[in-house]
Amino acid sequence: MVQTALSGLEAGSWFALLGLAIVVVMKAADVPNFAMAEIGLVATYVGTVVNAGAANFWVAVVVTLLGGAVLAVAIDLLLMRRLAKHGHFPLLLMTIGLSLALNALIGLIWGHDPRSFTAPWSGSYFTVAGFEISWAQVVTIAVGAAGAIGITWFFRTSTGAQMRAVAENRATARLVGVNAGRLSAIAWGVGGLIAAMAVMLQAQSTLVSTHSAASLIIYGFVAATMGGFVSLIGTFAGGLALGVIQQTVGAYVSGTAQFAVALLAVVIVLLVRPDGFTRGVRLRDV
Amino acid sequence: MTTVDDPAQTGAPVPRTRGGAAPARGRGALKAVAAVVAVAVLFAAPFGVNTYMLFVLNLTLVYVISTLGFNLLVGWSGQIGLAHAALFAIGAYGSAIAVEGGVPFLVTIPLVALAAATLAVVIGFPAIRLTGFFLAIATLALGMAIIEVLTVAAPITGGGGGMDVVVWKIPGITGSASTYFVTLVVAVLAYFLVRRALVGRFGRTLQTVRHLGTLSGSLGVSVLRYRLTAFALSGFLAAIAGALYAQLQTFIFPAMFGMNLLVPMLVMVFVGGAGSLWGPVVGAAFAVVLIEFFQDLGDLQAIAYGIVLMLAIAVLPGGLVSLGRTARESRWVGRLTSRGRAATGEETGRAG
Amino acid sequence: MLLDVERVRTGYGRLEVLHDISLHVEQGEIVTVLGPNGTGKTTLMRLLSGVLPVWAGQVSFDGADLGRTTPEKRAALGLCQLPEGRGIFQTLTVGENLDLGAVSSRRSGADLRADRDRVLGVFPELAGRLAASASSLSGGQQQMLALARALMGRPRLLLIDELSFGLAPRIVGDLFTVVRDLREDGVTFLIVEQQASALRVSDRTYILRNGRNELDRPSAELLDSDELVASYLR
Amino acid sequence: DDGGGAAAGEAPPGVTDTAITIGATLPLTGTAAVAGQGLEAGLRIAADEINAAGGINGRQVELVLLDDAFAPDRVVTNVRRLVSQEGVYALVAPAGSQGLPGTWSFIAENGTPVWGPVSPGDPELDEVYLLSATRKSQIQVAIDYYAAQGFTDIGVIRQNNDLGVSMTAALTDQMPEHPEMRIVAEQETQTGSTDVSSAVNNIIAANPQAVLLATDNTQVGLILQGLRNRGVTVPVFADQGGAGTGGPSAIGPAGAAAEGLIGGMQVDTVSTDNPDVEHWRGLAQQYSGEQGTSGFSLQTYSSLRAFAELVQRMGDDMGYANFQAVAEGLREDPISLGAIPDIECGPLPGGHTCVNQAGLAIVRGGQWQILQAFQAPS
Amino acid sequence: MPADRALIELTDVRKAFGGNLVLDGVSFAARPGFTGLIGPNGAGKTTCLNVISGYLQPGAGTVRIGDQEVVGLAPHAVARMGVSRTFQTPRLIPDLSVVDNVLVGGTRHHRAGHVAELLGLRTAREDEARVRERAAALLDAFGLADVGGRQAGRFPIGTQKIIEVVRALLNEPAVLLLDEPAAGLGAEDVDRLVEGLRAWTGETGTAIVIIEHDLELISRLCPVAAVLHFGRIIQFGAPEEVLRDPVVVEAYLGAGFAAGR
């Protein structure tokens, strides 16, 4: 029971963080980024190399996080910008192509066998009231929460409003003096960093590989949906809920139904609250 | 009042109906001839090419059928319904199981088509309240559920282990040629069905619903009815394609119809050009042929696929079908012509 | 000379809309632009705010050539605009829309609040709605918001595409007086209008026709004389 | 099956006086790439060796290896390409597990021999010859072993695909043999997923004396970590594919947690001092590509060597009819390579399962060691 | 046509958003021909239209079209009863040609269902032919015949508004609701609009409710006008009188306006 809850919150934190990464980019660039998981994965792989290279663990962590941010910004500058004016679909497809390419690239450089990001606390457990609790789980949950709070704080500033303005209408936003370029770079940077954090945490308590990205990205999007693609807190809550549901189903129903049931739970949430866990800002359309 | 003569170059899928513009007609006639020739060649194919090439052709056509439906839903009605792969699976399993139960293959096609169309309406029902990504996630979930059901229903479907498909043959014709002919005929029919639907009232109303949402109500359009009809049609075609796919694969199992099918399906829609008529054909051919073509690149193939995909988008955001239009309006071509100018200002449309 | 437009051409894609347009606006002047529908007034505005590129000719602001300066940079220079169709951000609140106007001049804190209060003084209708979604505003209220936002940018030259768009007569009347007052504070105006009353506040008027200069006269002359002008006014 | 006979009469494809073309479809990229590279290595090593020694009856071996990225539909397409486009004489050690059944009807139509496909079920086709113990019989052997150790409480984790199916089949056939044994927990995992925690939690809760796995090697690695991290040290079995017996594919990622992993053996472990294995090891060490020294490499190496031996025995008549005749004659005069059990095919039914003995190996001190020699299920 | 019969009638309609009461017991009726609806910004004019056309459900009160109660009907149902409208900010499909934009408005002319259409049955083809013909005629009446093939999104707002009016007329509505049709129009275009609309009512006896801030236009077209202020009708009558009313001058016109005229 407790085990299930913990595993749930742990997995939930990964989903939540990835969801946050997606939402952040969505806010500013209005792009559903299907390459987010791969961005995090590339960063994490670089990190594992550094980590294995007998460098200090914390150095590896910093490299990972920065790696994610830098990669994301580069993608924004080199690929996304020029497509912005063409609307959603090309951007969406670009991220899909990107995810395929990055995934293959990882396979090419580091091979396809799964690997882990060994942390000082990886694999060590402590016992409370007869329950074994893994440090990795505790760390993940804590860092996840911290990350969420950090980002929410970051976007409470007027930057948040500016980003939504750019997302709604880039041209007009620039007209009133918003520096759309700078904003989307920031958003991508932050997004990449969080994504890297998500995958790195995953790699610290389990294995990641070129094919672990696929399901992670979906869960990430589901979390983002729960947050209505705008609310950061909503996304975080959604991610955690998703994790717990998914683990509970795994424990008491079947390991194979996890995915479907977790998603179905979301459908129900959506049908009850069409904007997810947000105070639905209904637009007056007439 | 002065106005513009050449069509716009707005990036997001610009469904093109024949807006009565004169030049379009001339090109239309040309296209028609080309199409007839192409179809004729395709019918001759089985006698010309080996079974492998025939198989690839066949596969392409199957995806053309399914993408015609997917494009109608995503590109025209603007609803990102992600249960398409699952409906495709329904077609595959439905047909395979029915054939096993003694129903003639050709009969199973309309059966699964109607069944899937109905199911698609159910899946699309969240569209009452949901749009955009919310709808996408909801439909994705329902799709996953279907796949899960196929896995659990082992007694009928063979579960995760998969099931053999009784292959249908026209007496005297060997190999997959039999299915090929059926696929080809269906594909052509499907194209004309979709075409008729989209160039007429249905198509323009779909676009209205997509652009104006609830506001189209004031025109007497029942928004929900159109959204669901789009779902039904896409499911209809998905299932037909699925049935033919099963015949092609001769062995099917649930994992075939998950994400690893859905993503290529999306790629086909967008690469071809969402909201265009020829897009699905081009997109399907692109996706299938490219993979075969890259076969010999070894480790590089996957990465090459991704990169080509990205290039295609970077160069032709409107999809491959926009090639002609883009060329006509592009800087470079423009430069050559007299008052050619960079098409920069375009992004404005009108600010606000 | 604050704004100087020298024989510029521009348009959309490969369609040229403005042919060799020239005009100039002096510091502290109020200039109106008239012209039939589809003649290129809005296009001119887009050109000045940097949304459309200059194909030929030159646009200079305060003596400096604007060239390919981006819209946001121009806004920072004090070249603010109320675009055709208002360009209100529907997904933001009224307050957020307002504050966006101040982004270009990078102000914040007390300074910002002061400006806000000043602007809201002009549009009391908005004061009570700051927290509401901008989309909930009525058409006219959105027009007010758009103008208010433009004023938040501490404009030196304010480009207005149809000031009276969707506004009740009383408001329009008030706004023209506001315009006069702002001019006293050193704001310069370039206003596209359809209403005769506009000529009553403006010093000079340009008339465009089919993307070309038609004439350039002191507004007062036009107002009661030219029937040609009358045909553009309402 | 009509096609087989029809094709047998006329001269078969892929053979000239100087060359014989052989094909396989392998997961060289994608989720099973590690295994795929090993399988490729074995074929190339064998081909080079054979060719260096003058080929098969003077015919140089030409390999056509296609990548299916472990996607079943690609497997189906590839097999068609190998047969109709590349015109191969036979398929040797094709992998692409779950896609292969989709090609049987096509194979039957063309009569192309499929020699030693890597771990599919047994289709009972004239054209298909199984050279190594199926997943099912490996699991059966493992069950026997557990019984011999006196374990009674067994935990099971299976993937919801063909792997899981063969686990179920093995359990239904073999558990009755050992009435004292019972299954205390049976968990199913999602194909391709990396989330096994709930399965692991449930297994631990049931605290079994031994565990049977039928999952891909990533999941094997994850499950091992999950169990060992929480101090559960009971023996864990996985088949050759899942455990990558002899190779690093599962124990690499699992790291220290791999200690005590029992792997099914279709071929001898790569590290034994068996002279034939040593011979292969020598060649493998020179191999330039990836995964040359893995167990998968030894497996396909052996398959191709066996194939060469068989074709040698066929003499001048390369017709498919003769191929079948000679192959089904192996009962009398088996091919013995040392690294794998003797190959003794016979006529159908049943005869095309040329090998059904499986061995067991265990990881001790990070090294694979033989635990139990090749033997058939009781 | 019986000019006295009210085609549309609101009685004591109330509507509130959150705390703020936007329609506070609005009652008014429109007969064939033009009826003006004027009032300060934010008075509730557009909200009125939204209530009538079924986008908003009133908190209280009734709305009758002819002699049918429409409160509770979905927008498309109301539209099919013969109520067409335009929007304050034009809502065309920018990528479609002008003709196609207009054709979408012809829903009431289509008898054949989707299936008939997909199969290309004669009924469907006839329907299509008929609407196209009507649309062409209408575009011509509003002087847009020659631009039918061009993309709607590229026209200036003014022109887009006229196109929207044409789209609304294609359904041959009994009641036409126009929300500031002349805003952003130049003098020429206003004239075009007026002639087009006059011609139309002359033939059909449609009841046209016009929201406008351009009082010239109101005076030109409307025999009667209602003034809405803070959700109440504070005046109803001939424009000349209405506009002389001191309350109206104070709330809506402003001193400057009176001086201006």
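Letters A, B, C, D and E name the chains as they come in the text, with residue numbers starting at 1 for each one.
Rule of thumb we're sticking to: a contact is a pair of C-beta atoms (placed from the backbone, for glycine too) under 8 Å apart; a residue touches a chain by one contact, two chains touch by 3 or more.
Quick caveat, the model's predicted, so the values are computed rather than measured.
Under the touch definition stated at the top, subunit A and subunit E share these contacting partners: B, C.
Across the two candidate interfaces, A-C and A-B, the one carrying more C-beta contacts is A-B. The most distant chain from subunit E, with centres taken as the mean of CA atoms, is D.
Closest to the middle of the protein, by Cα centroid, lies chain B. Relative to subunit C, the most remote chain by averaged C-alpha coordinates is D. Between subunit A and subunit B, the centres computed from C-alpha atoms are 30 Å apart. One finds 38 Å separating the Cα centroids of subunit A and subunit D.
Taking each chain's centre as the average of its CA atoms, subunit C and subunit D sit 76 Å apart. For subunit B, residues that reach two or more other chains under the stated contact definition are 1, 3-5, 8, 10, 151, 160, 214-215, 299, 301-302, 346, 348-352.
Residue positions of subunit E touching 2 or more other chains: 46, 55, 87, 154-155, 157, 159. Residue positions 12, 36-38, 42, 51, 83-87, 136 of subunit C each touch two or more of the other chains.
By the touch criterion given at the top, residues 50-53, 55-56, 59, 151, 159-162, 164, 167, 174-175, 248-253, 255-256, 260, 291-292, 295, 298-299, 301-302 of subunit B touch subunit D in their complex. Taken together, the subunit B residues at the contact with subunit A in this complex read 10-13, 126, 129-130, 133-134, 137-138, 140-142, 144-145, 147-148, 151, 160, 213-215, 259, 263, 266-267, 270-271, 274, 299-303, 305-307, 309-310, 313-314, 317-318, 346-349, 351-352.
Every residue of subunit A that touches subunit B in the complex is listed here, in rising order: 32, 79, 82-90, 92-94, 96-105, 107-108, 169-172, 175, 214, 218, 221-222, 224-225, 228-229, 256-257, 259-260, 263-264, 266-267, 270-271, 274-276, 285-286.
In the complex of the two chains, the subunit A residues touching subunit D come out as 3-4, 7, 11, 104, 107, 111-116, 123, 125, 132, 134, 206-212, 214-215, 246-247, 249-251, 254-256, 258-259. Interface residues of subunit C facing subunit E in the complex, by the touch rule stated above, are 12, 35-38, 42, 84-86, 125, 136-141, 143-144, 162, 164-174, 176-177, 194, 196-197, 200, 231-234.
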